[in-house]
Amino acid sequence: MSLLEEYTRIREHTIAICAPLAIEDHVPQPADFVSPPKWHLAHSTWFFEQMILKRFQRDFQEYDPQFGYLFNSYYNHVGERTARVQRGHITRPTLQEVLAYRAHTDKCMLQLLRQAALAPDCTELIELGLHHEQQHQELLYYDLKYILGQQPLFPAYGGDTLRHKDRNAVAGWIDMPAGIYEIGWEGDGFSFDNERNRHKVYLQSYQISKALVTNAEYLSFIQDGGYSRFELWLDEGWAWVKENAAKCPLYWQQRGADWLIYGLDGLQPLEELSVLTHINYYEAQAFATWAGKRLPTEAEWEAASDQLPWGARWEWTGSAYLPYPGFKIAPGAVGEYNGKFMVNQMVLRGASVATPAGHARTTYRNFFHPHLQWQFAGIRLAT
Amino acid sequence: MSLLEEYTRIREHTIAICAPLAIEDHVPQPADFVSPPKWHLAHSTWFFEQMILKRFQRDFQEYDPQFGYLFNSYYNHVGERTARVQRGHITRPTLQEVLAYRAHTDKCMLQLLRQAALAPDCTELIELGLHHEQQHQELLYYDLKYILGQQPLFPAYGGDTLRHKDRNAVAGWIDMPAGIYEIGWEGDGFSFDNERNRHKVYLQSYQISKALVTNAEYLSFIQDGGYSRFELWLDEGWAWVKENAAKCPLYWQQRGADWLIYGLDGLQPLEELSVLTHINYYEAQAFATWAGKRLPTEAEWEAASDQLPWGARWEWTGSAYLPYPGFKIAPGAVGEYNGKFMVNQMVLRGASVATPAGHARTTYRNFFHPHLQWQFAGIRLAT
Amino acid sequence: MSLLEEYTRIREHTIAICAPLAIEDHVPQPADFVSPPKWHLAHSTWFFEQMILKRFQRDFQEYDPQFGYLFNSYYNHVGERTARVQRGHITRPTLQEVLAYRAHTDKCMLQLLRQAALAPDCTELIELGLHHEQQHQELLYYDLKYILGQQPLFPAYGGDTLRHKDRNAVAGWIDMPAGIYEIGWEGDGFSFDNERNRHKVYLQSYQISKALVTNAEYLSFIQDGGYSRFELWLDEGWAWVKENAAKCPLYWQQRGADWLIYGLDGLQPLEELSVLTHINYYEAQAFATWAGKRLPTEAEWEAASDQLPWGARWEWTGSAYLPYPGFKIAPGAVGEYNGKFMVNQMVLRGASVATPAGHARTTYRNFFHPHLQWQFAGIRLAT
Amino acid sequence: MSLLEEYTRIREHTIAICAPLAIEDHVPQPADFVSPPKWHLAHSTWFFEQMILKRFQRDFQEYDPQFGYLFNSYYNHVGERTARVQRGHITRPTLQEVLAYRAHTDKCMLQLLRQAALAPDCTELIELGLHHEQQHQELLYYDLKYILGQQPLFPAYGGDTLRHKDRNAVAGWIDMPAGIYEIGWEGDGFSFDNERNRHKVYLQSYQISKALVTNAEYLSFIQDGGYSRFELWLDEGWAWVKENAAKCPLYWQQRGADWLIYGLDGLQPLEELSVLTHINYYEAQAFATWAGKRLPTEAEWEAASDQLPWGARWEWTGSAYLPYPGFKIAPGAVGEYNGKFMVNQMVLRGASVATPAGHARTTYRNFFHPHLQWQFAGIRLAT
């Protein structure tokens, strides 16, 4: 597929994700970690305008100079930005105006993409922009689910329910011998800077599960007093349990003897055979301790990845998000992409039901703070 | 005007206030004290459904049983309610669905109003519901101005700019002799419980200004160091100044040597002859101290009210909001209207440019917490 | 008694209050509204040094220039001051060093007091300093009780238990006819600026109780569901109940079927006939509503005061703390004494078991924020 | 040295550290992460009483059953405990009473230690108790420095200034070849569970500095705009800078053109050749980025440790605090020692000027949250 076709396909997918939403659903920010869909639509466009068109399109005129301020996320190099927590208060530009901004920017980008010879650094930035947009597609699913799922009426989304692929196809354990393995990206295709360089690691022998933890298994943990036994939890995890009176994963609720779960198709009975999701690192770690197991490190995960079916849920690993040997932050705004987040976050591996086609790799390193539950994350055990 | 005509007129006015807004503008709650316009539209309807139709309409069916929970404001008697701070996260029902709820409820109300003989307590509650709706019309203006005026693009509202009546027509002072005066409501028309009973008060002799403080006068206070001289402020006022790095009223901003002000017609040069508004009690008190004067008490205001031109701005008084002698809280939900707020708030008298026609009286007691600025409030001095 | 004798008597009383405490008890600040006893000892000394000796003692040398910063409470005119919430972190000067500072200052003050003719404004300031010290003596009891009473070991104070005078000597109601009354201070003796000027008020007819509410009566309120019936509470009071899971007055605790109360003599069974104390304004107001009565206004209280036995507990009134007609803030630091607190506080009248001898007057206006419980405050009803 | 002699030596050292303090200095808790010296004295005693005497001393009577509640730090297995943030409000037992508790417990422990044959698990727990006490000796220095150093009078400690060993003796870089190394504890002596098991790691080739960063080098970073250049900082580090208006390490202050530093000997001119300390992980990481270097991982540090002079300052590494392969949490209260803290903290290696004699090992893993500055921590660079 040509870069132009890829551009068109990916940009249209973002629109398609938002299409089932009401205009109102594009506005709010019910938690600090959520961004309004309207903001995602604008910010992913802003990336192409600010990072590419301004630099590579001759005589380029910004669509609206104020949008640079409004739709910057965290790129300090590019300029001031609105406080992240105020994104849900910004009603203007309206959704319709944002869509016009997208359409205009796409027109300019297509002009650029039709040019005979794009400079390599331009091509590279466009690829980065598309992968950036795909990351926001994934976040869009997290955010729209949270926006709808926290409301008293529990409305269904109306689009793809992401219900496919939510059962384990295999079971059992993979035995991995001790020795030197290589992990990290090497090759021609796209990768983020945090996946490089490919390097050697020494692993002790270990076993890793082929299957992800299911709702039924997690329910056993709950019914065995999992949320009231401090000895299963990290100290900060136990503080999180008490502060939030946590009793179950996000989107679960108990009504009498029954468990319901909010999904993109609305409030439903809990399906026990489905793969568990929406637990945070603290919950993943406590479950693993309860099960007499542990979470794999990211190196263990990657070393075994060619034997693992994966892709149903991002999987929490026991690894903190830190630079690979030889990692360097690129100069300028692009360098703010990954490296500056390398503290206090845990690595997730795999991919989720919300990951757009073509965006997953075995070397991909996702990362979240340990208390966050709203991403589609699950548990694979190791020992 | 018949009660039916009054009902129709007032209910339509609420719709008219919201008409110039974009759908998106109906959603957010940029501060705790703000409610989304969509919520106002629904809550004022909820009042008629829950307080009147459920009781007086035979075989009445609630439009949607979940709306009772969603659109209750603070009536503990009526049931659980959503946390006030989460109103801006509720996107469903959508604006269109709320308007359908309004239309349906109006149809039911008109049926009721067309009945030959309404019980007196039913008539009384309908009148209360209409005055309640008018209070929300006033709040709608405060809230939509705040929603638009806090945004980086400073969009104009597009409806009534409320610019009429914002200059003083008279000047000078009224001399009031010491003696016994009567204040409070007495008569046949509608009044809120907090305006009753009419009772005697003794006032020392005083002078009260015919004119309200103007932007120019307040600018002199600013330029004389008003916001950096602690001795002019109440202790809590000075804490408010420091915590908020306050330098001017809400909606004012200094650009170089010029002052701009956000109005419903967008960002504009400050008009010096206009009546000052959007200051809180702390600012009103500090200005009065700086001017060597004080704020009138509510009794002083009311005793002089027949000699005062008023209506341009609610006016801060130096009186705390407390019950009149003999005040009793009515039983049931209607009793939660006023009495329970009688602590830590200051009384405002007069009416504002946003007060709907027919909603003002000289005995009317409005009240706000001392730090709030978003209401259209001004200053009249006394001595 | 001469001013010199008065000075000696009052200054020694402060030392006597602290004498039973351990050195450690002088240090902590377990809540924002509490000050460490060591700080009281130093601050009341600071007042004489900064306000009087620096001005009236020729060639006066400050004891330690840094103490001016450390022991200022809230007098912005005098200079910067340590953040109020950090008082409990200051261990130096030690208690012994503070006592040396007191002794040195007293020596200087006695020199001054022995001079043939003190200027009238000097005498006036010394009197103010002594009344200021007496206010801190009262606060010392509140604070040391809180410091000891919040600890797991519930240690007894070891000094005066303040248990005398805690029963009602009379019962019944006083009938007061409507009419013009005069309240406020007039005369030769000392008064605070907020008690002046004496002025006329008009009161409707009312009844006021001779007795204060007892523990037994308040227990009935608790047992009748007082803390779970929202309709009895002000809206902010109800928020306070829920946020603090309030179930009883400060220092009460239920153990099985029994009620214990922490007093200066340690943890004790609740004495039902004793006068209730340590309730805040919200609790006082809710109790009065439950009893079908109300709190008297401060004018009602003062007008009836010559017929009231009083002094056991400060009594919450239904009046907000506001200036009397004609009140003016004095220029300079002394003017910061009272006026700047005139917002968001309620007036208390009477005096408490902790009020030092000679410090009470019927015109005295005490004031606290509505949520505070740690002062010795009680309830007298009116109707 | 016999265990009895070791016990005596270590227990006396704790007393010696506190000896120069005033009684008042033992009380406050000026920040969440600080514990009052009085609490350290009691808690380290509590460990011997609860973990050892209760179990191994026949007919042992607790000194005071309430102390179990008061002086538990975070051992959920042992029972309820006072909220950590309230430690500074507890004045009773007094220092004298705590010292009596220590003396009594020591007498019982010495009786136990004199018994002919202690069970191996008893000996092991006593050793753990002594290492635990030594950790608190190190913390005591951090805490007493913070308690004194945050006060307006900047009092000197009066005891050991810890000024020895604060200059680099060597310079230059060590070249380490790529390959498999072994890290972790193996052997007969004492080690904490988090240092085990010894295991293989693969390291890429690297260089590690022989010298620690000095005050002069860090001053260059400051003067080069280090605290105002976002691109040098982790995102959370930059948020920390802005929220705290950070401009220099803890205990540094600029007065005009001069830099002062608070040390245990009071406020002093900054010595440029001294080894830097009191920076947090964010500052360490930003400095390393500015210098074009990075922090070593803990494996890199340990692999090179036999060639490193160390001991002047704990050194921040670039490793998150996570379990070694095969790490298991021990059952019961002892298991709460280390494992439950393995999230959101960074590893420090080496030892500090405050580390008691005999408490350091090259396999020792210390750990702190990234924002903390009050521990004696410094920077060693790698590349």
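We call the chains A, B, C and D, going by the order they appear; numbering starts again at 1 in every chain.
Please note the rule applied: contacts are C-beta pairs under 8 Å (C-beta built on N, C-alpha and C of every residue); 3 or more make two chains touch, one makes a residue touch a chain.
Remember, predicted model here, so these are calculated numbers, not experimental data.
*Asks:* Between subunit C and subunit D, which partner chains are common?
*Replies:* Chains in contact with subunit C as well as subunit D: not a single one.
*Asks:* Which chain lies the greatest distance away from subunit C when centres are computed from Cα atoms alone?
*Replies:* Chain centre farthest from subunit C's centre: A.
*Asks:* What whole-Å value do you get for the distance between subunit A and subunit D if each is reduced to the mean of its CA atoms?
*Replies:* Computed value for the inter-centroid distance: 36 Å.
*Asks:* Averaging only over C-alpha atoms, locate the centres of subunit A and subunit B and give their separation in whole Å.
*Replies:* 45
*Asks:* What's the distance between the Cα centroids of subunit B and subunit D, rounded to whole Å?
*Replies:* Comparing mean C-alpha positions, subunit D is 57 Å from subunit B.
*Asks:* Take each protein chain as a node, join two nodes whenever their chains touch, and name the resulting shape: line, ring, star, complete or other.
*Replies:* ring
*Asks:* In the complex formed with subunit B, which residues of subunit C make contact?
*Replies:* That would be residues 74, 76-77, 178, 180, 199-202, 204, 230-231, 233-238, 281-282, 285, 289, 294, 318-320, 322-323, 325-326, 329, 335-336, 340-344, 346, 370 of subunit C.
*Asks:* Which subunit A residues qualify as touching subunit B in the complex?
*Replies:* Contacts found on subunit A: 22-30, 38, 66, 69-70, 82, 86, 88-95, 147-148, 150-153, 155.
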